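Chain naming follows the written order as A, B and C, and within any one chain the residues start at number 1.
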Amino acid sequence: MNDKLHLDKAHLLEQLKQMLRIRLFEEKCAELYAQEKIRGFLHLYIGEEAVAVGVMAALSPEDNIVATYREHGHALARGLSMQSVMAEMYGRTNGCSKGRGGSMHLFDKKQHFYGGNAIVGGGLPLATGLAMANKQLKKSAIAVCFFGEGAVAEGEFHEAMNLAVLWQLPILFICENNGYAMGTALALSESETNIAKKAQSYGMPAWQVDGMNVVNVEAATTKAVQYVRSHQQPYFLECQTYRFRGHSSFDGQLYRDKAEIEQWKKHGPVKQLKHWLIQNHQLSDNDFNRIESQIKQEIIEAINFAEQGQWEPVEDLCKDVYSPATPKINTKAEQGGLA
Amino acid sequence: MKVQTNSSEKMTYREALRAGIEQCLNNDERTFLMGEDVGRYGGCYGVSKGLFEHYGAERIIDTPLCESGFVGVGIGAALGGMRPIVEVMTVNFSLLAMDQIVNSAATLRHMSGGQLNVPVVIRMACGAGLQLAAQHSHSWENLYAHIPGLKVLSPATHNDARYMLSQAIQDPDPVLIFEHVMLLNNQGEVFNAPDADMEKAVVRKQGTDITLITYGGSLPKVLMAACALEALNINVEVVDLRCLRPLDNHTILASVKKTHRAIIIDEGWKTGSLAGEISAIIMEQAFWYLDAPVQRVCTQEVPIPYPSHLEQAALPQVEQIIRCATILFAGEQ
Amino acid sequence: MKKSIDITMPSLGADMSEGMLVEWLVKVGNKVKHGDVIAVLETQKGAIDMEAYYDGIITELLVQPVNTVPVGSVLARMDIEEKSLNESKNQNTSTENIIKEPITTEEIIDEKTTHEQIKPKQIIDEPVLLSAAALTEKTLIKPQKKSTEKLNINIKTNSNNKTNRVLASPIVRKIAKAQQLDLSRIKGSGPNGGIILKDIAQTAPKTRLTEGEPLINMRSAISAAMTKSKQEIPHFYLSVDLPINKAQQWLQEANKDKTPQTHILLIALVLKAVAISLQKYPQLNGFYQQGHFEPASEINIANVISLRSGGVVVPALRHVEQLLVPEIMSALRDITRRSRAIERGERLRSSELMGATITITNMGERGVDQVFGIIYPPQVAIIGFGKVKKVPQVCDEKIDIGEQITLCLSADHRVVDGMLAAKFLNSLAKNLQKPEKL
């Protein structure tokens, strides 16, 4: 355990709770999706919880966060209410994106949570731009960009790496390397599979982290964030992790061995921390069950919240395409009919 | 909007663009210009010449050759509170940045349920005529005008080149400005105020017999054709669209309802052109006023060739416009 | 406390509407825990394990492998503990609602054909017919014999109608509808013989002539004549910008002591000037008939007068060469008043409607600068004049602001050549510079 981190029982229990929250939420989403409550695509974060929870714990409220379509965990860990996230998955107006975005487009301006991006690699230049704004406007906030190792193949990854270092921008890149870009294993898509090494070659400090250990993740991130804030320069963390479910709901997982999944599950983040806490007498089975019940209750309330949410009226279809100052185009009055 | 006085200054289209950029930089310290070779080189077309020396490297930023990257950065910077002017050297390279333009800039407001807005301006040189061949001669205003969430401008006059940027930068949403390369060297008048609101079309010449609708680099050709047609006793009204998304339907339709005939001149390829969109609008909303089918004069269905005679044959020309108009008045075919 | 819940075929993807149950991994009576794999499903992407969401006991297996069922169908039932109830309450009721009737592809096609069947009345143009035929072939997945036949019948009906259909531009149709014009009686000069605006330039109000002939026939006849005119007469056009400062000054002087109702207007001066110039150039004043031109002995100038109903009448002022300017003005006033009051029972004389040797059309009031008219056969010329405009004029090397009108002459090239026409216009222009002599 890292010396820079103040590890106490309360904090570790909190981390466990955060990860469990995500775990149980995701599992419930899988069930809801099977019942067609949630539609479209569903990308579950199960197995990777330690990364989101560990990183978020080291950030400040003003920091800007850009994530991917697998961002439910990041949203919850950041502080978006479970209710607003669930309602968004349901497509109701009380969702965090007013129901317009769905699972892949969770946004919350107050939390500086800039999505929720469905284009692999698309968030990297965006986050780099947010960092540029912070620098120009002399804000203390940094930008944090989450992306999978699949994004490393995209041109935008390299362009963003280059620009971040060239222009000395205060940005923290978090690569969540879960080994598979949908169904393509890392070794089949990268000539150089050491991603941190790639980042280093652009001139920024880069480290590999055990993404299954939330304490390691938080420790590494704390160090990284300090660096970015004080040096106003980029930093790169490759968090090695694993997703226990398929890429999305409809994934036969023909590309990997069931045995491999089981192997990783043995070192799952929730399991690891729970085990450590129990072993070190910081947690009892009763405590754990209590935490679990509380979370399940929170989930039930979130579902009720979502179920009671409104469907946005069809008349408002073309809202929020442009900002209110400008006149709406393609209003009903302009469509059809003889002028 | 300030009222235009008659006093004017003569300058090139390029100089008008430059003056527009300077005004934006002077008015708002959050504004900066970024793009390839905009700084030390002075701009590929000389538009930003001298700005680097005056405003410095923080506000005139030379980017590496990474369109997707730096356009995305511009969008992110706008999200984060800046007012960037992103210059994509030409529209020809913009395809590399199209993901950021369409999937970030155009959609962020909507996807976030109205929480976010992207006040970025992206300027691009466009158009053909310099014998730069297939990959450097595109007119893709129609591709961008297709996308909800974007606004698309096409300044055809010097005054619009001067003022449209300032109007665009005050808009809370992403605005694309297309600057036709064949206009850059032209001399013209710049007044003290814009021609009209950013989203309005302007009638550049009043007439009664036929409406010629156009935008951008084609405007000078259309005005020439209008002159020639006057001598043939065809009294032409010329509508300069100025804003391609949203289209100023009101001005377009008022004109066509008056003249009963329309030709749309568009440097894009005819198939899937903006001219097709306008033709459909006229058909839908002014059908009962038409005395002849709406015509289109567009670029031929061919990537722009290198030799001058072929390039000119591909593009809309004054003679074509005249011929198209006279046929409409000729009667039986 | 136990409660029975449904185990349904899950949706595993955005485009999944049904799934295949391949194998049960449990039996009735088995105890299962949340997360246990209880069945194997086959989808397009391969085999997928189905998990139990709750702890409980399997009570019924309702569907046997191998079987394909729609998403949401109940596959089995299990009993679970009460405490899970709150969660399941909301979900179960809505799960039941999800179960839909299977939609077969045939039904979808039926919807499509009914939607795309075009009612006979709406098929007007050939192009539309072509696309209807294209619809039949290309867009229907399983072409229903019934609907194809229906479309064929439609096509047949319309090919019969084809010969009866009148081609006319939209604005012509609009005007025809408003004025109840019979388009089948008008010859079109547009593409494919279609009727365009200028073919109905004079439209017919429903009124009567002194002689008892219904005006509508006269109008139709003139319309027909107009179209014939444009088709047969080789028109050519000249125009001249005419400074009228002197004329305006003269008018101001002359009108000083007159009441507004007796004011002399510019048109009267123009009419007189035209008459005088025509005396010098008689080739523009007469009739072209049976292949040759006959100059007229009188100068009867017809004036195009627009009616409130939207039509025009073109009565002539006779012997203009013999009239003084004030007389011309009062004659013009009279004829205009009577023309405009036709709808209220006023009359025009047939001598006024026939016998014009040349026509003048004044669009100045409409704000138009220039107007090139169509010659009324058997005349050989028509003069148009536009609105008075203030323009910069060069006078003795200086620039001044003056007034001008644009005079446009349309002439029959078989009788008049450019040189002659130009001379006529020049003479006209000169005459108007000396209004006192008119």
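As a convention for this text, a contact is a pair of C-beta atoms (placed from the backbone, for glycine too) under 8 Å apart; a residue touches a chain by one contact, two chains touch by 3 or more.
Everything numeric in this text was worked out from a predicted model, so none of it was measured.
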* If you average the Cα atoms per chain, which one ends up farthest from chain B? -> A
* **Innermost chain, where centres are averages of C-alpha coordinates** => B
* Structure fact -> Per the C-alpha centroid definition, the whole-Å distance linking chain A and chain B comes out as 40
* Structure fact -> Expressed in whole Å, how far the mean CA point of chain B lies from that of chain C is 29
* **Chain centre separation in whole Å, for chain C relative to chain A (CA means)** => 56
* To do: Spell out, as numbers or ranges, the residues of chain C touching 2 or more other chains.
  => none
* Scan chain B for residues touching two or more other chains and write them down. => 287-288
* To do: Give me the residues of chain A that touch two or more other chains.
  => none
* Structure fact -> Touching chain A in the complex, chain B uses residues 30, 32, 58, 61, 63-64, 66, 68-82, 99-100, 103-104, 108-117, 148-149, 151, 171-173, 199, 245-246, 249, 253, 284-288
* Once bound in the complex, which stretches of chain A touch chain C? -> 31-37, 39-41, 248-252, 254, 296, 299-300, 303-304, 307
* Partner chain A, residues of chain C touching it in the complex -> 8, 10-14, 16, 43, 45-48, 53, 71-72, 86-87, 90-91, 94-95, 98
* Taking the complex as given, what residues does chain C use to touch chain B? -> 169-174, 189-193, 196-197, 230-231, 237, 239, 368-370, 372, 408
* Which residues of chain B touch chain C in the complex? -> 208, 233, 235, 260, 287-292, 331-333
